[in-house]
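Lettered A, B, C, D, E and F in written order, each chain numbered from 1.
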Amino acid sequence: MSEEILKLGIPAGSLQKATIELFGKAGFHILDSERSYLPRIDDEQIRLIMLRAQEISRVVADGVLDAGITGYDWIMENGSDVVEVCELGYSKTSSNPTRWVLAVPDESKVTKPEDLQGGTIATELVSVTKKYFADKNINVKVEFSWGATEVKARLVDAIVELTETGASLRANNLRIIDTVITSTTRFIANKEAWQDKFKREKIENIAILLNAAIDARNRVGLKMNIKKSELESILKILPAEKSPTVSSLANSDYVAIEVIIEDKIERSLVPALKRAGASGIITYPLNKVIH
Amino acid sequence: MSEEILKLGIPAGSLQKATIELFGKAGFHILDSERSYLPRIDDEQIRLIMLRAQEISRVVADGVLDAGITGYDWIMENGSDVVEVCELGYSKTSSNPTRWVLAVPDESKVTKPEDLQGGTIATELVSVTKKYFADKNINVKVEFSWGATEVKARLVDAIVELTETGASLRANNLRIIDTVITSTTRFIANKEAWQDKFKREKIENIAILLNAAIDARNRVGLKMNIKKSELESILKILPAEKSPTVSSLANSDYVAIEVIIEDKIERSLVPALKRAGASGIITYPLNKVIH
Amino acid sequence: MSEEILKLGIPAGSLQKATIELFGKAGFHILDSERSYLPRIDDEQIRLIMLRAQEISRVVADGVLDAGITGYDWIMENGSDVVEVCELGYSKTSSNPTRWVLAVPDESKVTKPEDLQGGTIATELVSVTKKYFADKNINVKVEFSWGATEVKARLVDAIVELTETGASLRANNLRIIDTVITSTTRFIANKEAWQDKFKREKIENIAILLNAAIDARNRVGLKMNIKKSELESILKILPAEKSPTVSSLANSDYVAIEVIIEDKIERSLVPALKRAGASGIITYPLNKVIH
Amino acid sequence: MSEEILKLGIPAGSLQKATIELFGKAGFHILDSERSYLPRIDDEQIRLIMLRAQEISRVVADGVLDAGITGYDWIMENGSDVVEVCELGYSKTSSNPTRWVLAVPDESKVTKPEDLQGGTIATELVSVTKKYFADKNINVKVEFSWGATEVKARLVDAIVELTETGASLRANNLRIIDTVITSTTRFIANKEAWQDKFKREKIENIAILLNAAIDARNRVGLKMNIKKSELESILKILPAEKSPTVSSLANSDYVAIEVIIEDKIERSLVPALKRAGASGIITYPLNKVIH
Amino acid sequence: MSEEILKLGIPAGSLQKATIELFGKAGFHILDSERSYLPRIDDEQIRLIMLRAQEISRVVADGVLDAGITGYDWIMENGSDVVEVCELGYSKTSSNPTRWVLAVPDESKVTKPEDLQGGTIATELVSVTKKYFADKNINVKVEFSWGATEVKARLVDAIVELTETGASLRANNLRIIDTVITSTTRFIANKEAWQDKFKREKIENIAILLNAAIDARNRVGLKMNIKKSELESILKILPAEKSPTVSSLANSDYVAIEVIIEDKIERSLVPALKRAGASGIITYPLNKVIH
Amino acid sequence: MSEEILKLGIPAGSLQKATIELFGKAGFHILDSERSYLPRIDDEQIRLIMLRAQEISRVVADGVLDAGITGYDWIMENGSDVVEVCELGYSKTSSNPTRWVLAVPDESKVTKPEDLQGGTIATELVSVTKKYFADKNINVKVEFSWGATEVKARLVDAIVELTETGASLRANNLRIIDTVITSTTRFIANKEAWQDKFKREKIENIAILLNAAIDARNRVGLKMNIKKSELESILKILPAEKSPTVSSLANSDYVAIEVIIEDKIERSLVPALKRAGASGIITYPLNKVIH
């Protein structure tokens, strides 16, 4: 029987730090990622390789790797035939999706894609951009450019560039005129690896743990004690979709309630619970949440 | 009906980092505070402005802002007529109050405020210092100085300077001879805003959450299992003012006890509980504690 | 009656940061450790002194300090007659023990200690190294060297050098041929101090808290709700040696289970529990775990 | 006879680094300026004190210091009666003068000082600003503000703020509508000190050396060999106001020419000289140039 | 008449810092290059644009820029039809040319290009690499790769990668098997711009000044006084190709000699001159040297 | 015939940066000194090894190295029998010698070495310290200590510690009571190597160049033009021991004078020359000065 190993590609570069932190929260500790493209991980069944996000889907499709983490944008650009295991709701700095946008200098007369007919577009995402214009029946020349930055935008007619918040484009006096593709991080697998019992279970376990860590980020545990007589009214304040754990206490007039909530809800919920008479309210951080 | 917005001033400078961390723990995420005086916050009902702590009470009193966070020292210096919502027990580096102290060079002959009769005092806190000396009927000239630092102290007769621990003054060979004012951080509101239903509730909610986060800092949750027969003796060891949550377990010989304690007490309590026979003792961190 | 004070030595240098963090997690906040060899600690019964790890056991044996934290290697090197209170499972970067290894340049012909007969060994750990070779009846000259680094290894026949993972030795093209001594961090006490009631209890309390913090590092709390009917099958999945806390819920068809597990186990346990039908699984971080 | 000492104030803060470098080039080495307000200098006749630029003219006027380096802006603000020894052509980052400008938010309707009638102006330079508006018979309230930054500009009607290039104002979306005062660095002396023979000569020597170092910054020495027959035509290319040193060579057909030129002229002069037949042209850096 | 402006492209990225320093030594001060792709330069006839070295020759060939600085490698890769004004002897860290080398993992069996027949090569320099293999009649697939780094080398058969000293390749356990192209920095011009009188003279002036600054880097001026009687023997020691400036002195027994020498020669020359009886030998740094 | 190579040891640690800069000024460029104990140098006849200053004299005496740079203190401590080629007037931060001083806590009653009779001394310089006390017939125990820092001083009776200015000792509240040994940097050679013709000449050449670079540090070249009629009076102002180079000019009423002076003299000389009527005075930096 062959040794059971999962070859897993993780992205170097802008997603690297966030990915390694996420694996840490999921319970996998990655060492030496600053120094080596083959970082160590404290799970003997996983072999890690760090590659540029741009290349991971190609290598997973080829079967050189069993699975990998990369962006939807580069899966599309490469046209890679892979299994998409799940979406992973994290990116470089936030949990927002990133966008590749069509942008022109503030001073340009271009206001819609059609105005670019016959023009030149610089981008790192050549295939996706070509398809975008072809779908609209707009004839343009798409030119590869390493980082189609602000200066590039002034030497061609428009650029297609990655952005999270648009702030960097605005700072460079560029104006967004359309979104070419919206991308989030994906966990992908090679099609053959997905048929292998060991690899599939390993991949699914990693997916469960990564998602559990992502879900725990914006949630907290909340506990409080309430009088049994107020139980019903308090339960109404709690988010409907949550089923709180109600446990009995030694003092039978009271019950303890525990519930997992999103931290955005916490802001209005905690003052409301206090006003409704709950006592000993605490919230505590979570490592993982599995729905 | 007008849009419901709370204009909130937070201090730039030495309190900035601590304030933004505190809001984070309270559940409000502030972005771009390093780059912009109008940092973003993930609550659409709040508009943040970052100002020097020295100026916030003036701007809240004028009604340009609805509420703000600043020090008691600068409320006094500016003589601002504002509502003090609550004290916030945090400062730059610790939970200790800061003091403005009257200090002289180690080699000075001055040992008490009265020795400064007829002298010159340099300080950033001119009005408070003038009042301090006037109350004691000591006649001095009070001169404004940007940071009345160690060298300044040698060009005048004394300085009134901010300190948390006194360490920086000692390092500059300055000797403290009196405390002029003790200051802690305050949450203040404009008087009219305080009468507005929406604004007052919003301000109170923020106050509850900030205080809950502050209280959680030095507290931990403690859980343990104990034999029912030992319950009484163990309860005596626990801090009297706390009412622990006692919950029943499947094994009816045992009960689970959970209690929130200060981390200073934890140091003596945990070994004592272990000696008293408690098992499975754990402590865990908290995000918020509401009394 | 004399004032009750424990004089405690903590290691400066490579263990310093990890030690101060560990005390923080144990509930003791150490200030100014970057600036002073007498850092402040928020416990009035402890007086801290920061010394090189090499010298602590000597000073504890002499009674200048009551207790201290140092490595087993330096206790052996100094031949210090002290009480070993407990082992502390932490080191500079990991929870692995460190090793002093006998190493030679990759290009050396030496492959075993015996090949060094008549040669010269450079090391900072002179006594231990002499004893190591004497025990093997190999005659060598052992020379003191401040950090027996890679270049030193090329000027003598072999070095005895500290390593955690061996990575730095490999990077310097050195080959390990044997382990001279394995060392972990130890909490030691002066023999007389150990007989003093106050000091011994204080030392034991610190030991309990430090170990509780160390144990909490790699553990998490796990909670879930399960149907009573599935209780037995789920309990079989949990690690045998753990006794989970099973508590009753308002809904009597379900019970809540809580258990402390190692984070390495969590990786396989969480997906298994999910598959076995547990719901509302969460894990949360711990500050202290006392067995 | 009293000991001969010159007490000299140099500016802390934004000019500090540039001032210490300039003294270094002038031949005075200043040590410990990062750590002490009384930095050491390798001239036993000088005692240095480092103070905020804002306060130096006040202290020199009072006679606490004999001389000092500060900005024209703060001499005016303080209304200090001092001897201005000379202008020193350097500032924080360039040799340009700095300006205090009247600025408003981009979106403000104010376009000229007169539009501010009845308004409020925030600035650190209160007296100068009051005089500026009084001279124009415009009635405004001038409010002190520590750093009248971008956010401040939005809470009052206009600010008066320091700028070198205007870049930081533009980045904050502020628009300059007038210059209130232009300032350069000045070397000033106390009036009595200026009458003291030793102090005056010492001050003048320092002034000569500082100016010689400033002048050397943007100049280079240029040497070349030319045929005697081409001497006249080459001399015409050289800047008229310079008198080059022409020295004879062993080979009597040639002469050597040496001249000090500004580095801006060098850019066009060097190619021109090459085309005109000069050979062995070199330029070399200078430490000091005394006209 | 049109305004006389030269549009000049300089490389962003690895050559950026060295280029800006070189312009500074040549007498052109470039500001804001860290913040803007259109850095300011203190010459009103030049407009600077900062672009990736990879793209400059394309843009110069298109006439968007008049001239630019880039590497020979990228001129070849782009197949750009431009005027090569001169070679500039500088690179990122040294004055050595850079090489694109064909490299394989240490453990690969490949030892010569021919062994790669039928294989896959990853590189950023696709066209040049294709031509290299075509010239040798070796059939390979050349794949574009952003930075064909060490990990990439293990997923294909070989990489073509840039190196100055080979150190980084060795560190990644890669073995060089051939040099594909050797490259140095070039100053290039657009063909039409080269025919424009103003532009050509401006380009030539810049070329003279850049080369003068490069030549001055490794040269020093040397002066000494020697007895006339020893003139002949000393002149023999000096490098033959240099014609020293011999000038007469007031004391007619002596002459002063001045000569520009390379600093590598200085190391043996200075001791030799001292032994030969020269006195008052000094060497001094140079800003520019024009042959 | 054997290859001609000089094996040269240079100090790692506190002297490392200053040594590498000095070699650079002497004309030898050392690369990779941050990364390798065998840094590269651009002279094929030299092989560099970087070692702790403490060990260099031992290794030179043994003949493992031909020559080395180290401190007089460690030559004495090791009792090494080597040739002292010359003193090198540089150290970590200044050109002052360093001192090993006997120091006690401020609060100690010890005021002279004799008061330490019977006490314990901690130091890194054990042999020299033992000899110092033996010479004075004072009986003490001398204990090795890695960096006998401030805290160490409080656990023994006195320390012998290295200092340049005494500032760090004062900051640690230590009081100097005597100087044990004064040390400067030395260039040393192995006795046999010194008899080898190639090695000795190479060592002497390096010594000439290092000393020429050291001498150039605090000197500048000064040039001026003066009227022949004022020549005599100006020559009297110049330092007597210097013989200026007087060269004739095309305008025979004037002569050019050039002289090398120390920069400390420059401060008074330049203003004096200006007052005496010299014109066109400039000073310029030097790379090397050979007397």
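In this text, a residue touches a chain if its C-beta (ideal position, glycine included) is under 8 Å from a C-beta of that chain, and two chains touch if they have at least 3 such contacts.
None of these values were measured; they are calculated from a predicted model.
*Asks:* Which chains contact both subunit C and subunit E?
*Replies:* Touching subunit C and subunit E alike, sorted by label: A, F.
*Asks:* Under the over-half criterion for shared residue numbers, do copies subunit A and subunit C use the same patch or different patches to meet?
*Replies:* different
*Asks:* Where the centre means the average of the CA atoms, what chain is farthest from subunit D?
*Replies:* Between subunit D and the rest, the longest centre separation is with C.
*Asks:* Of the chain pairs B-C and C-F, which one is connected by the greater count of C-beta contacts?
*Replies:* Most contacts of the two pairs: B-C.
*Asks:* Using mean CA coordinates as chain centres, what's the gap between subunit A and subunit D in Å?
*Replies:* 53
*Asks:* Distance from the CA centroid of subunit D to that of subunit E, rounded to the nearest Å?
*Replies:* Computed value for the inter-centroid distance: 36 Å.
*Asks:* So the centre of each chain is just the mean of its C-alpha atoms; given that, what is the distance between subunit B and subunit D in Å?
*Replies:* 44
*Asks:* Two or more other chains in contact with one residue: find those residues in subunit D.
*Replies:* 247-248, 284-285
*Asks:* Is the way these chains touch best called a line, a ring, a star, complete, or other?
*Replies:* Its topology fits none of the listed shapes; call it other.
*Asks:* All pairs of touching chains?
*Replies:* Touching chain pairs, listed by label, come out as A-B, A-C, A-E, B-C, B-D, C-F, D-E, D-F, E-F.
*Asks:* Show which residues of subunit C lie in contact with subunit F when the two form their complex.
*Replies:* 37-38, 49-52, 54-55, 59, 64, 145-147, 149-152, 155
*Asks:* Within the complex, which stretch of subunit E touches subunit F?
*Replies:* Counting only subunit E, the residues touching subunit F are 220, 225, 247-251, 256, 263-264, 266-268, 270-271, 274, 280-285.
*Asks:* Which part of subunit C faces subunit B closely enough to touch in the complex?
*Replies:* So the residues of subunit C touching subunit B come out as 26-28, 32, 42-43, 204-205, 208-209, 212, 216, 221, 243, 245-248, 255, 260, 284-290.
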